[in-house]
Structure formats: structure tokens, C-alpha cells
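Same chain, two partners: chain A is paired with chain B first, then with chain C.
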Partner chain A sequence: MRETLRDRSRARGLSRIRPPGGLRTSATVVVLATAVLLPLVPLLVWSVAGTWRYPDVVPGRVTRRGLDLVLDGEVVSATATSLLIALTVAALACAIGLSAGRAIGLHRFRGRRLVQFLLLAPVIVPGLAVTLGIQVFFVRYGLADTVLGVVLVQLMPTVPYAATLLGAAYANLDVDYERQARTLGSGPLRTFLTVTVPLLRPALVTTALLTFLISWSEYILTLLIGGGQVTTLPLLLFAAIGSSDRTAAAALGLLVVLPPVVIVVLVAGRLRGRDDAWMGLARG
Partner chain B sequence: MSHPVVSTGPTTRQHAVRRGVPERLRALLLLSPALLVVGVFFVGGVVQAVLQSLGRQPFLGENDWSFDAYRATLADPAFRASLILTLRVVVVSTGLATVLGVAVALLVRRHARGPLTTLLQSTLAVPHLVGALCIGLLLSPSGFLSRLGAGVGAVDGQQDFPVLTNDAFGWGIIAEYTWKEAPFIAVVALASLTPHVRDLEGAARVLGAGRWRRFTSVTLPLIAPPVAAASVLVASFAAASYEVPRLLGQSFPATLPVVALQRYQDTDLLVRPQAMAVATIIAVSSLVLVAAYLSLVSRLSRRSL
Partner chain C sequence: MAEPTLAARLDVSGLGARFDAVTAVADLDLTLASGSFTALLGPSGCGKSTTLAMVAGLLAPTTGDVRLDGASLLGVPAERRPVSLVFQKPLLFPHLTVEQNVAYGLRVRRPAGGGSGRASRQEVATQVEEMLERVRLGGLGRRRVGELSGGQEQRVALARALVLRPRLLLLDEPFSQLDADLRAEMRALVRELHDEAELTTLFVTHDQDEAVELADTIVLMLEGRLAGEGSPETFYTAPPSLAAARFFGATNEVRGLVVAGLFRGQGLLEGALTVPTTAPDGAGVLVVRPEAVGLDGEVPALVCATRFAGSDVLVDTELLDGQSVRVRVPLGTRVAVGDRLSLALVPDRCTVFTQEAE
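Our next item is the complex of A and B:
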């Protein structure tokens, strides 16, 4: 299309006119897309590479060993553990976040800035430095090396995030709807379930997906509290990266990266421009 | 400005829903589950790290208060090397991510904004662990870039390729952070490049401001607060994250989070207070960054009023 335009302008003797802006734009797009996607290329290729000797740019042999590995018992059970933990964490974070979000979005109270600080800090400060100090107590109360312990510690980065996102949603909620339902005789629980939740649904779906994603990607908290006994996919992936089996590492890497990418493409349209939502993703 | 007559703030609206329970108590009740989580795990974690760095020993039951752990840590040349490496990685990767992110946002804001935004967003979703794997497969001596270089004859074997992963400078770590965080900055910058910014740029042009002048006195001041806030987030993350420096850096000197875990896992329990001292140093400096972020954000919201 652009080529035709250019040819046409040449044919009319307008060749000295600069090519239309489209050409420069598409060059920019190509350069940017390459820079962004280049690191993912070796990941994709290695996941199917049987043998790939050094100077070769393409693998000598293609294998389905990576696929077999992903369908292997150990990986399947780690996937199940990861799913169980991430779904539980997302559900709990949404429930706790709905409650806290109401206070943040609809109430005025003293100490608001402190609450804001407390709900922001765990999202930004990565968990390692914070968790080293309380690991001892997880051991003492029998929560170390358990799925429950891992779920609890993962509430630390997810709950504040959920509270912040849902607080913003509550701030835009028209409480007149709730008031009308109450006037018409609906009880508090019924009002919450049939009026409030449906009104907050878009934000709730986004929050659930993004907290799921944080939990799904978490490595260090799971390692510290799960003690290697609770095996999630990131733990398997870390071990695979440490081994010399690049095909296995790449296949596992793809398995770990696919759900987040799908989720973000799903919620992208909804998030555009709201940086408090991106905050959680930046730490992934 | 708000209209005093029409405005019914959250307070009055809420009072209309339910009278009786004081608003402050209601807010506290609603916040309590979240504050419990943050209080126990986050505040508890920081306080415990501080106490244990000062000599509290929850396992042995006897406390031995002193600043010895800090003295030993600060006197250790290995710690100083780690501190320098960590600062270097934080400054270089945050700087690169910010400059590249803003440049990308300015480049794509007029054309192809939609598809490129989706592209940038999808790399945001890549977990840092996978990012570290990708950068390793790309930049290691036998990595993809080295192979491409050999293919065009620019690289003569693995030894000829510059050491970019597990290197002394920290290029591998910097590459991962930059690759992951530049799109984050770009997304934030794109969001702040509103039609309003464009109108002001147009006005400046009409008044005779050149391209560079428009950039430095109109565009940059308008996008600076949100971009600065995002950069603070990036810096805080780069300073305290574990997986990336563990996989793409050297084990000596390693960045501070790696050192903290190394000392924590040391079989000699007497080293543990030092692990807590390093953890405290990381946590406190991150919290300072969080406070900086909040003050930037509040300045930003005041400006938009």
C-alpha cells in the first residue's frame, strides 16, 4: 500500500517529496517490536530445540521433548499447586480488598495517609527483606512448608493491591443505588450481593485477574515459606534454569509466561492509563 | 474547584446510608482484615528484621542486644562491594528504563498507539523469572545474540563475545530490568500524554516555540510527575528483587537481596543477625522510596486540581 503510494508519487514526478509519514512510522514500529520481542525468540526456539550447537542460528533438530516434559506428572502437579494457591489468594484478596476498598473509597477518616502508606508499601517493597524476619514464626506455628502458609504470605503483596484497585472503584460508585435498595426493603447482605457487587463487577474481575497473576509469578515468598516442599511452577522453573537443560527451562518458561500474557491482553483495554493497576504488574 | 453548595462529600452521603455507628469506627472495621494482613506480615516482618538484626534471637530465647551485626556488616568489604553493585544496577537500569520508556512513548503517541500499547503491555505481564531466563538465553556467550553475531561474521566464537551475563558490572541484570521496566514507564508516559498536553503543545507552537523548546518547557514538565513516580517504583523494585540478580549476576559480589538470603541460609546461626541487618537496610531504603513515591503522587494530584 505504502509502496504503491510512493510509486505513484514518483510516477507523477513528485519523487523529491518525502515519503509519507507512514513509512517512518512503520520503521519505528518494526524497530520497537523487534526490541521488545527479541528476548522472547530464543525462549520459543529453545523450547522445541533438540540439538542446537553453538554457532548455528537455528537448531539442528526439532524435538517434542519440551511438550512431553510439560505434560509430565511433576509439572502437572506443580501446575495444580500453582493454580490452587493463585485462585485461593485471588479470592481472599478480593474479599478483603472489597471490605477495605469501601473504607478507602467512601469514608473519610483520620489517619488516611498512614493507611495509604501501609497499603502501598507491600506492593512496592519486594517480599524477601520483609519475610526473612517472620519466617521463624511460620516455622513455630506449623505454617512453614504448607500450602496454607504460602497462601497467607502471598496475601501480603496482593491484599494491599486489591484494596487500592477496589478503593478506586468504590470512589466512583453511586451509593444512591444502595440507598434505594435499602429503602425498598432489601437487607444489607442482599443489597451488597444484588446491587454493590454487580456495580463493581468490572473492577472486581480486573482485581481478581491481576492478583491471580501476582501469585502465579511469585517465587521468593513461596521458596521462603514453602521451603521447597510446596512446589509451584516458578520453583520448578528456577531449578530448570539452574540445570543445563535449556530445552526444559524454555518449555517451563513458556508454560509460566502464557497465562499472564493472556490475562493482560484480556484486561488491557480496561486498564489503559490507570497506573495504579500497572504497579502490580511492574513487580511481577 | 468544587462547588460548595452542590457538593455532598463521602461523609454526608455515607451518613445518609446509615446513622448510629460512628464513621471512624465503621472505616476501621472495614479496614481491619486488610490492616491485619499488612500489620502481621509486612509491619511484623520489618519490625522482626530490625529486632533480630539488633540481637533478638527468637529460636534461642535469649536476647543479646548490640549493634554488632551492623558493625560487622558495614566493615565487611564484601558488603561494600555488594552495595556498590546494587546502587550501580539500580541507577543504570532505572535511568535506561526511564529514558527509553519516555522516548518510546513520544515516538508512538501519534501513530500506531493501539497495537504498540498492547505489545508493551504484554511484556509487562512476563514474570521477572521468565525475563531472566529470556535474557540469559539471549545474552550469554552461547546465546542467541552471539549466534547471530557469528552468523554475520562479527563474532569469532563464544570466547570472542563480550561477557554480558553473570558479569562483574551487572549488565545482565541491568538488561533484564531495562527490558521489563521500560515498557512500564512507556505505558505510564503514554497515559499522561493526554489531548490536553497536545493542545498546550499546539499553543506553544503558535506562540513560536521550536520543537526542542516545546519538548523541554511544555511536554516534559507535564509528564514528569507521573513518570518520576513510576521511576521510583522501578528503582525500589530493582533494589530489592531477588531472582534476577541471583540468575543473571555473579555470586560475588552479589546484590544486597542475594547477600541477605546467602547469609540467612548460612549454616552458622551467628551470621543470621547480619542477614537481618542487610534485610533491614533493604527494607528501610525501599520504604524511603515509597514515601518519595507518595509525595510525588500527592503533588501530582494537587497539580491536576
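Our next item is the complex of A and C:
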């Protein structure tokens, strides 16, 4: 729907008359690359530096200790745990966000503003304060020190964003599409999968990425509920920083920022390749 | 089409829809003969779209029943009803191509009677291409939806509804967002498709010209209630109700008294104006369209104004008692302001209603 106007003009043969977007998107890519990739250079250098003392411009000795550390069994398994948790959290947050978003985006019910506020509350109230309070329940129900417990507690900082993003998307959704699908013989579930989800796709992709990244970089909640038994990458990173092992910290840091960087590069690629709204960053 | 569509008979009885305190539709009775083309006419907000939603199964009625060939549809979800609905907006699924849109229903609909499964890919492709040809969009199947014009979009929506061979086709003001000439073209196409496929069609519109041009039967709805039903001609020559006459507009209303099967003018008109009628005794309103009033009668009238109206002339006259009557006369008729005329009110072109308390 968001493209109809432009597509109409395309249908009338006006497609060639378009603003010269090439230069603008190239500039965007350069800015993104500078802002995102440049700060990684010192990190990259540190990760291979054996010794690097003032006033040397480059490290005195190059080491592959950082590389070895990244390939170490503990780090590999922490990466796997991090991925598992982040993917599960993203999927669950999207699912919850879809239903909560549908309620607040489509329906006008009594107390809607309150529900909206309560959904956002975990972002406003420090998650740490809440977690300290509910930790006891996690212990009681045997969820402390488990991956499941960590997944559940990480829903707290992710669901508010998912519900808000998808609520906005639902508010812009024309439910007549769903009604039309129903009259064409599509049941509720099939309508949701074949019509609603594709219509919400841009918002869903954004939500999945955002919640993945929040979960991926979460430290405090993982530490509190995981109790050191559930080891994720940020936990190892903070441990390395705490022990002043700069090489290890830099190597792990690189590993932690890898997914965000990959995502930004993907976005930049999409910006150049397609004139499509993506992650709210651009509208062709 | 390989197998003919089985057009169904639709019976709506006592249908009502209430939202909290608001009654959208009340006690609606409606019968559509198999193969008929009916226009559900009424101003916006009269409940006609709500009625359509209830027939389609998108809204559960508060009261009443909807039956298709005698079998009640109550409790049958929208996706299981052999009914197709085309909305005011084309509502083409933007992530699908034209042919994928048309094929949508064929892909998702369960075969009636629990048959052997969904149509094969090849069958679907053939049916879709055939249907696109019939709405004059042959060869455009691969197009993206966004590349279509408004008229083309609505044709795709029609094709998507018709390819399912519905036993009842519902159209909810499908052309009201199109330009005038495009609208005329689409009307012709819909009527053609209706006749070809032997459909039962219920067409909702607020445009009386559209209703008159397209439909065999017009059902007029006002404020959620049935306000008259009949052929398009009936609405002009013998409107079923005063409200119906008023909705069709450009009509004269003359007040008088009905006594023993005769409508009589009152006061100064006493004796000058009498029209036989079947209306019951009491205060009455005589309704007559301007083009039905003749100039060769015995009701005296004074010409107050004349207005050129293209193919004819509109003459505003005043009766003896001050009531005004508008007459439509052919171009070239010699009528000037101040002339005295003798109007003819032909009984079979006049309708008398009991005057409502106002």
C-alpha cells in the first residue's frame, strides 16, 4: 500500500522521472561505513596486539592469541548459547508483539492507554530493579540458572519494543484485506499467514532484528538469572574487560559487534539495491 | 466455463444488526431469485454495507436469518460460504502478482463437499488466465499489483471473486472510486459477466442511476429499513413509498384529501383536482414526476418560472391554493412566465400516499 502512489505514476509512464537518488544513497553508505566501521579499527588492532605501549603508533608485537581465544571451546559454546537465546527471544518477542500489537493497534477498548503504558513500562523502569524482585520466582520455579529462564527474563526488555513497533504497524493495516481474504475462502490462521504477515513484513523484520540485537548484547539480566551457569558472549567479554586482558577483550568485542555490523552492512546493501523502506531507515 | 455456475436463491428474513445502542439494520426481509441482479440502494450510512457483511459472513446478525437455497448460512464462517464479495477498494494483495491474486481463492478454498483436494497448479493457471481474459486483462497476469490503474485493479478484484464461481456475488459499491466514464465501462462489464456466468448478484450502491441502469430489481434501504422494492421503472412510475419517491428526487408532492377512492384537492382546488386512487381515506399526498404532468387537463396553474434544461424545459407553476408543481415540457413548447395552464394529472402516472404525521 505504501507504494501505490509511486506505482500509479509508474503505470502512467512517469517512472523515468525520478530524483537522482544514486548520489544520495552512496553518501548514506559512506556515512554508515565511517560511523560504524571506523571505530572498529582500534578494536581490530588491539585484538592482535601482543604488547602495545605508549608512545608506539603500532603494537610492538603481533599475536594470534586473540584469534585462538575466539576459536576456543568456551567462546564457541558461548556464541552458540548467545545465538540460541537471541533467536528464541526475537521469535517470542515477535509472536507476543503481534498479538499485543494487534490489540492496541486495531481495537479501541477501555483502558487501552493503560495497557500501552504497561507494555512500555519495562523500558521506563530499570529492568535491573524488576529483575532483582522477580529473581526469587525464577528460583522458586527452577528457572534460575537455565537458558529458558534467561530467555524469559530477556522478554522484559524486548517485548515493549516489539509491541510498540507492531502496534504501530497494525494501526496502519487495512483490516479489509483480511476481510477480503476471508470471503475468498481463507480461514483465520491462513489469512494471518498469507495476508497479514506479508503486509506487516517490514515491521516484522525490523522488530526481529531489534529484539535480536537487544538480547544479543544483554548482560545484567543474563548474569542475574543465568547465575553464571548460562554463559553468553557479553558475559565473557565483561570478564575479559574486568581482568584487564585487552587482547581478549578486543577479540571478544569484535565477536560481539559482528552481528550488528553484518546487519548494518545488509541494510546499506538494501539501501543501494532496492528502493524499499527498510528498518525505517529509508523510503525509496 | 466448463461447468455452469449454480446461481443460488437468497432469502434474508428479519435481519437485524445492532451495535450497542445503534441499530444499523432492522427487520430486513429480502428475496433474491436465482439468477437475478438486485441493487441494494440507499444513502451512505443506511445499513446496506452492513447487510452485505452479514450475508457474506463477516458480521454476525443480531436477529434474523440468511438462507441460500433454503439452507441457513448462520454459523457458517465467511470462508465456507459459497459467496464472493468485491469491496469498494480493490484490496489486491500487494505482495502477490495479478495472477497470484486471482488464484488466491482457488489455492486456499477447500473444495466443496470435501473433494479430492485443491485444484492442481495447471488447472489453477488455466482458470486464472481464462478469468483474466474475461475481464479484459489477458496477458497482464505477471504484472505487479502496483503497476495497475484504478480500473484495472477493480477488474482484478472482480476476476478474483468470480474465478471461485460463487453462487452469490456481492458487490459493495465497487466502482464508486472510479471516474465517470470508467464507471460506465465497468457497469457494462459487470452486467455482461453476470449474464454470461448466470450469477445471482447483489449490488450495493448509493447512486440511483447506477441502480436503475444495472439492476432487474431495486431494493431501497433508508435508515436501516426496507423502504421499497421493485423494478427500476416502478420507482419512477409508481414508487412504493413516499420516502422512495423522495429518494429518487425531482418529484412533485401535492397535498389533499382521499375520500372514497378519490384524491381531492382542498380549499380553492376543491373540485378542480380529482384523481382516482386506491389509498385509504384521510389526508393524502399525491406524487407525480415532472415529466408525467400533461398540459391538456383541467387543473388550473400559473407559470412562475421557466428554466432551460438541455433537452427540455422545466416549468415551475403554482396551483390555485399556492402549492407548486414542476412540469417538464419539450423544447419549443410556448410557455412564458404569467401564462395560465391547465395541467393534466393522469391517474396511472400519479401515486397517492397516506400523509404521515409531520
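Methods note: the second predicted complex is superposed on the first by the 218 of 284 C-alpha atoms of A that agree within 3 Å, B and C clash if a C-alpha of one lies under 4 Å from a C-alpha of the other, contacts with A are read in each partner's own complex, and residues count from 1 in each chain.
Convention: a contact is a pair of C-beta atoms (placed from the backbone, for glycine too) under 8 Å apart; a residue touches a chain by one contact, two chains touch by 3 or more.
All values reported here derive from a predicted model rather than from experimental measurement.
Trainee: Touching A:Pro126 in the superposition: chain B (first), chain C (second), both, neither?
Mentor: In the superposition, A:Pro126 contacts chain B only.
Trainee: Applying the document's definition of touch, where does A:Arg182 land relative to chain B and chain C: first, second, both, or neither?
Mentor: Both partners, chain B and chain C.
Trainee: With the two structures laid over each other on chain A, which partner does A:Leu67 touch: chain B (first), chain C (second), both, or neither?
Mentor: neither
Trainee: For the three-chain arrangement built by superposition, which of chain B and chain C touches the greater number of chain A residues?
Mentor: For chain A, the partner with the higher number of touched residues is B.
Trainee: Once the shared chain is lined up, is A:Leu193 touching chain B (first), chain C (second), both, or neither of them?
Mentor: neither
Trainee: Give one of first, second, both or neither to describe whether A:Val36 is in contact with chain B, with chain C, with both, or with none.
Mentor: first
Trainee: Examine A:Val76 and indicate which partner it touches, taking first as chain B and second as chain C; both and neither are also allowed.
Mentor: neither
Trainee: Can you list the residues of chain A that meet both chain B and chain C?
Mentor: Residues 179, 182 of chain A touch both chain B and chain C.
Trainee: Within their complex, state which residues of chain A touch chain B.
Mentor: 21-22, 25-26, 28-29, 32-33, 36-43, 45-46, 54-57, 95-97, 99-100, 102-110, 113, 115-122, 124-126, 128-134, 136-137, 140, 152-153, 155-156, 159-160, 163, 171, 175, 178-179, 182, 213, 216-217, 219-220, 234, 237-238, 241, 246, 249-250, 253, 256-257, 260-261, 263-265, 268, 271-275, 278-279, 281-284
Trainee: Which residues of chain C touch chain A once you look at their complex with the stated criterion?
Mentor: Listed in rising order, the residues are 56-58, 77-81, 83-85, 87, 89, 91, 93-95, 104-105, 108-110, 144, 146-149, 160-161, 164.
Trainee: Please output the residues of chain A touching chain C within their complex, sorted ascending.
Mentor: 1, 3-4, 6-8, 10-12, 174, 176-177, 179-187, 190-191, 194-195, 198-199, 201
Trainee: Any idea which chain B residues touch chain A in the complex?
Mentor: Touching chain A: residues 9-11, 13-14, 16-17, 23-24, 26-28, 30-31, 33-35, 37-52, 58-59, 104, 107-108, 110-112, 115-138, 142-144, 147-148, 150-151, 157-158, 179-181, 183-184, 187-188, 190-191, 226, 229-230, 233-234, 236-237, 240-243, 247, 257, 260-261, 264, 275-276, 279-280, 282-283, 286-287, 289-291, 293-294 of chain B.
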